[in-house]
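Here it is: the structure, laid out below.
Chain lettering (A, B, C, D, E and F) follows the sequence in which the chains are written, and residue indices restart at 1 in each chain.
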Amino acid sequence: MGSTLWQGLVITVTGMGLVFLALGILVLAMIALDRLFRPKAEEALETGASEEPSAEEVVAITVALASLLTREEARVGDRQLGSALRDGPGAWSIVGRGQHLSVRKSRRA
Amino acid sequence: MNGELWGDLLRGFLSLTWGEGVMMMVGGILIYLAIVKHYEPMLLLPIGVGTILANLPLTGMTAGLRELQLHQPLPKEMGLFGVLYQAGIQNELFPLLIFVGVGAMTDFGPLLENPRLALMGAAGQFGIFGAMVLALAVGFPLKEAATIGIIGAADGPTAIYVATVLAPSLMAPVTVAAYSYMSLVPILKPPVMRLLTTKAERRIKMPYTSRPVSKTTRILFPVVATLLSALLVPLSAPLISMLMLGNLLRESGVVDRLAEAAQNELTNVVTIFLGLTVGATMSAESFLNWKTIAIFLIGLVAFVLDTAAGLLFAKLMNVLAGGTINPLIGAAGISAFPMSARVVHRFAQEEDFSNFLLMHAMGANTAGQIGSVMAGGVVLALLA
Amino acid sequence: MNGELWGDLLRGFLSLTWGEGVMMMVGGILIYLAIVKHYEPMLLLPIGVGTILANLPLTGMTAGLRELQLHQPLPKEMGLFGVLYQAGIQNELFPLLIFVGVGAMTDFGPLLENPRLALMGAAGQFGIFGAMVLALAVGFPLKEAATIGIIGAADGPTAIYVATVLAPSLMAPVTVAAYSYMSLVPILKPPVMRLLTTKAERRIKMPYTSRPVSKTTRILFPVVATLLSALLVPLSAPLISMLMLGNLLRESGVVDRLAEAAQNELTNVVTIFLGLTVGATMSAESFLNWKTIAIFLIGLVAFVLDTAAGLLFAKLMNVLAGGTINPLIGAAGISAFPMSARVVHRFAQEEDFSNFLLMHAMGANTAGQIGSVMAGGVVLALLA
Amino acid sequence: MGSTLWQGLVITVTGMGLVFLALGILVLAMIALDRLFRPKAEEALETGASEEPSAEEVVAITVALASLLTREEARVGDRQLGSALRDGPGAWSIVGRGQHLSVRKSRRA
Amino acid sequence: MNGELWGDLLRGFLSLTWGEGVMMMVGGILIYLAIVKHYEPMLLLPIGVGTILANLPLTGMTAGLRELQLHQPLPKEMGLFGVLYQAGIQNELFPLLIFVGVGAMTDFGPLLENPRLALMGAAGQFGIFGAMVLALAVGFPLKEAATIGIIGAADGPTAIYVATVLAPSLMAPVTVAAYSYMSLVPILKPPVMRLLTTKAERRIKMPYTSRPVSKTTRILFPVVATLLSALLVPLSAPLISMLMLGNLLRESGVVDRLAEAAQNELTNVVTIFLGLTVGATMSAESFLNWKTIAIFLIGLVAFVLDTAAGLLFAKLMNVLAGGTINPLIGAAGISAFPMSARVVHRFAQEEDFSNFLLMHAMGANTAGQIGSVMAGGVVLALLA
Amino acid sequence: MGSTLWQGLVITVTGMGLVFLALGILVLAMIALDRLFRPKAEEALETGASEEPSAEEVVAITVALASLLTREEARVGDRQLGSALRDGPGAWSIVGRGQHLSVRKSRRA
């Protein structure tokens, strides 16, 4: 194996190591930030509970969002960089949140 | 004299070379992909136009461009593309300005809600290094190999930035390859995801607990991320700091005017200039050779390796976490945003419509944005 | 020392020359025309302000400007106008950026519906060459004569672009003359139209069949127009390609963000800089001489010749087409848009209120925009 | 006649020739584009026919637009470059299309 | 080699100096003040970010910055901040562009309704000169003393502009002091106002007769103000003329597109660049020394002297005008707009809720904007 | 006293003199502009008179605006340069005008 190729492997190991190290430290930093500045947890939890939709509501939301998604799916071709970044997660993330509620609910049930 | 004049005036047609004609067709194909196939039109349309214009003979529009790329003395009269290259590519200004806009558009919320997802954004950079080794094996010198590898960052401005420093002559094919494969994410990723995961893994549900993230955390995150990255890998500082400056403008809540200007005015105008100028570097002699074919093939490998490494790393995490992590979200850990997250989400839904991975995939995807910038800085640190 | 200080401080008043005072009045007149008479205020207002500022003594704002125009070594400290001239006039960047915006604002639909109207846009450029010959006869050297002729292009950015290359010292009067006469189109054209057409000709109705133009045609048109123009007259490529880039951004439908940025952010900011800097070149010595008077007179002839040539060519077409073409639309084949088309339309309506030439005149008018850019490139090709 | 003047005449002939040549080729190109990519003609025609307004409608539209035009006429002074380009042909072109329909109608009638 | 690499990669942490660490904390404090305390966030947030980034070791982002400040030969590779400094600070372009935006945002109506208020804007500049004398007494050389005095102009772009010409090394601390104290106007002014006025004076009511000001006056005012200022103090021309250009774009009514572009696109984008670059000049060696402490202390004196001089002059005017002028409005005669006017208004209302000084204070405040620019030009005329 | 300090005092006197001179001339210019281009004064006055609100209206406006002001007061922290310049004098100037009317009224009464 040529020395250049060997150098490449060294760079690969060093490089991936550094990238993991950097993002690993970032994980720790994010956890630390979260611990230090978490919004009053109990309040948030309680509010969350009280705001949790009923089973019927979840069904309604899911149906509505599913149809929204389908339409978005069709448009996905022209939703590249521009619009995607402009809109943020958009309907997708709403759907995600809605469905997850539903998942959590069904698990508990 | 009259005959001479007419002869002069037909010079345009007569002096058109075979290579220039082919490059104009390449430009036309890019425009076609942008308009008809919606492949990253914001960039590929201006790049395609720039390619055509730079290959029209005798227009003088590229005067000074080659000299800038080769660090030779400049001609007295610069053409439009020479002017733009000097104004924003050679000094790396344009890609950095784009990053301010990207940062102002990015919501790191899903990542902050689930910090460990950040590691997916590290694994997803493996394609950069794998492709570099492959390029070395094929015979590219080290700096060019690393520049080709950066296609695996799946990030246009990072590719342009790194290429400008390491191998300016490869900037155009590397950038075009990066944007093309970013557009092809919905086609490239699913086969790899199917191959490397079991049906059981793909059906793992990850309950989404929308933990509130405090405003303080959101504001401190870009500052902390900049500090850590820049101290660890100083040469990643320009890229990561501009990304995080944009995000700080957004999250601070006190300078909405500036955040909006970064997202709109600044990004749009710079995007036109950046695309045109990258396209203008697509000369026949730099593009029509075996290198370009190699670049596109190796770039394809880079994307596949990104996806594979992300998936395998997520499988490892899943084992360690007792089966609570769907390995598919590992495939979202690259920079191409938000397509990567959406592709993963939809792929999981094909197995089980009730499985919603989107928010987790979004977290991994934004981590991929940070990871790709970090990897770009690492490559520069190790090679520049 | 105190006395010296006060002496210094009155230097402003004391060192004001007669010529500078007159030039400031000229600047004031331009501002008046812009605000009160609505003569092209987007350009004439900044030009007027630039004229006043450049002629205020001892401010240092024009430091470096003359050196840039004469290609002499630059002073260590550049004034604001020197900085702007270097940033966007000398390298011809600003007029080209304006063209991107103009292209993004232009709808070539009426022209595509009626392609033969494009020839009107060729005939309407005769004033350029006629005025050039007149300027030669009056004694101007060739490059200056051609620069004066370009007033007949009826197009500000083209005039600035061509003047920068051929005769920078004439840029200011030529640009001001061009914008002034463009504003006077509603006054200048009707008498010529009345003189050169018969009542019967003016009453010819041209049925308007709104033929649908496909999206494909609209998208391919700017590409094809760029290719043909640039191959035939390579030096027209910068102008025509930026115009057509803007139009492609508009018609492609996939980069509306960029099309809007080109029309608004980019155009507005560059217009301020361009106007100010053109005004700043209006020094007493370059403006207050017989040349300027000659330029304005010959420029007037150029506009009249444009109109006359357009009309006569349209009359010829009418004969060839068996009386189905109203010769008046030939008068719309210049760049000043959309005033030229409107003036023609209204003039025809004065003869017969039921005659609607607007869409045909619009087609000829957009053809005039292309024709004037082509003619600018031709002049550069023959003389630069 | 001086040689410079002669040169000027040569440039005039060459220049106008080139401009006509360029725009002439463009005419051919536009015609070719139109032939190649014309929207399905019959459909368009039929739709056009069915969408053609009745005589009363034409009168109504004409009156309405004429008044619009008159107002626009008054504003024409401040409709220079900026607004004109921003607005595109605007009311004018609507009027043009409306009137032309009317002209065509009356001819056929 | 591997060990060497890791050593290299820890260089970031290892080479961080004590001074750089402190400067990064200073940057953090500025960001804190901007986000949490809302101290001029449009400027202090980018300045804070620039400070942190410029003090991260080994990033290369400041390459060329020191050379530009010291007029030394430039390095082959410029960092981002070197590029931005060269593009808009060294040539004074950015502060001038900001002034176009400020002018387009300013309504001189209240001043035009009550012209004699303009004198308040002269008195309010005393702090500039008083602080300069104090700085001289403390031992600063003349040009540096004048640059420190300019904090009393209470105007960011003026401070940056004057500092760039007279003492570039003091630009950062002077600018930060100016913006900080501008934010502290609501805290700094009331004690001085209370100390220097009697209860009776504070209760003087000034009937507000909303005299209509004609459009002609509004349009001619910026032109006349430019002419007078530039003829009297030529070096004030760049500053005052750009302020008044913006105002003319606004008041002319015929170029709303340009006026809006000046207020938004231009101002926002330039503000980001300007803040970042000013922050980037905050190196440990230029900031962490007794000079900076002295600058902040003397700057505080400048603001107090501004207020005191304004008040005392207004008291004099009140005596001359037979008790019809509330001396408090003299405290509004500085550039910090519109905070100064509001603080005065509220302070008067605390004495008597039925007393409405706002419109008079606004007039004095806009006069302060003109006065501060004039004073900046005077300082340059006397010292540059 | 050192010569530099003396120079500083000279600059102070000269500088403040110039600033007062410049703004003084500007005052004269503004007065001249106003004289030359004053809008027809009588008309304006009359209109002003007829538009003057009744006492009840003044009270109502004052109360409304006072509450507006109070809210604005609370927000004043985040109304620095950006928003302030964007909004112009805003509610404050409306209040100012309203109150001044009231003051003038009460004086005359």
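The rule is short, and it goes like this: a residue touches a chain if its C-beta (ideal position, glycine included) is under 8 Å from a C-beta of that chain, and two chains touch if they have at least 3 such contacts.
Small disclaimer: the values here were computed from a predicted structure and weren't measured.
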> Quick one: which chain's Cα centre is the longest way from chain B's?
Replying inline: F
>> If more than half of the interface residue numbers appear on both sides, call it same; otherwise different. Which is it for chain C and chain E?
In response: different
> How far is the middle of chain E from the middle of chain F, if each middle is the mean of its Cα atoms, in Å?
Replying inline: 21
> Counting in whole Å, what is the centre-to-centre distance of chain C and chain F, each centre being its mean C-alpha position?
Replying inline: 43
> From the C-alpha centre of chain C to that of chain E, how far is it in Å?
Replying inline: 40
>> Between chain B and chain F, what distance separates the C-alpha centroids? Give it in angstrom.
In response: 53
>> Going by the contact rule already set, what residues in chain C reach two or more other chains?
In response: 5, 9, 38, 41-42, 232-233, 254-255, 257, 265, 381-382
> Can you list the chain F residues in contact with two or more other chains?
Replying inline: 14, 18, 78, 82, 86
> Which of the residues in chain E end up touching chain C in this complex?
Replying inline: 91-93, 96, 100, 219, 223, 226-227, 230-235, 237-238, 241-242, 245, 248-249, 252-255, 257-258, 260-262, 265-266, 381-382
> In the complex formed with chain C, which residues of chain D make contact?
Replying inline: 4-5, 7-9, 11-12, 14-16, 18-27, 29-31, 33-34, 36-39, 44, 48, 73, 76-78, 80-82, 84-86, 88-89, 92-93, 95-97, 99-100, 102-104, 107
>> Which stretch or stretches of chain B touch chain A in the complex?
In response: 37-43, 102, 105-107, 110-112, 115-116, 118-119, 121-123, 125-126, 128-130, 132-133, 136-137, 141-142, 145-146, 183, 186, 205, 207-214, 216-217, 220-221, 224-225, 228-229, 232-233, 263, 337-339, 342, 345-346, 354, 356, 358-359, 362, 367, 370-371, 374-375, 378-379, 381-383
>> Which residues of chain E touch chain B once you look at their complex with the stated criterion?
In response: 5, 8-9, 11-13, 16, 24, 28, 31, 34-35, 38, 41-42, 45-46, 49, 52-53, 56-61, 78-80, 83, 264-265, 268-269, 271-272, 276
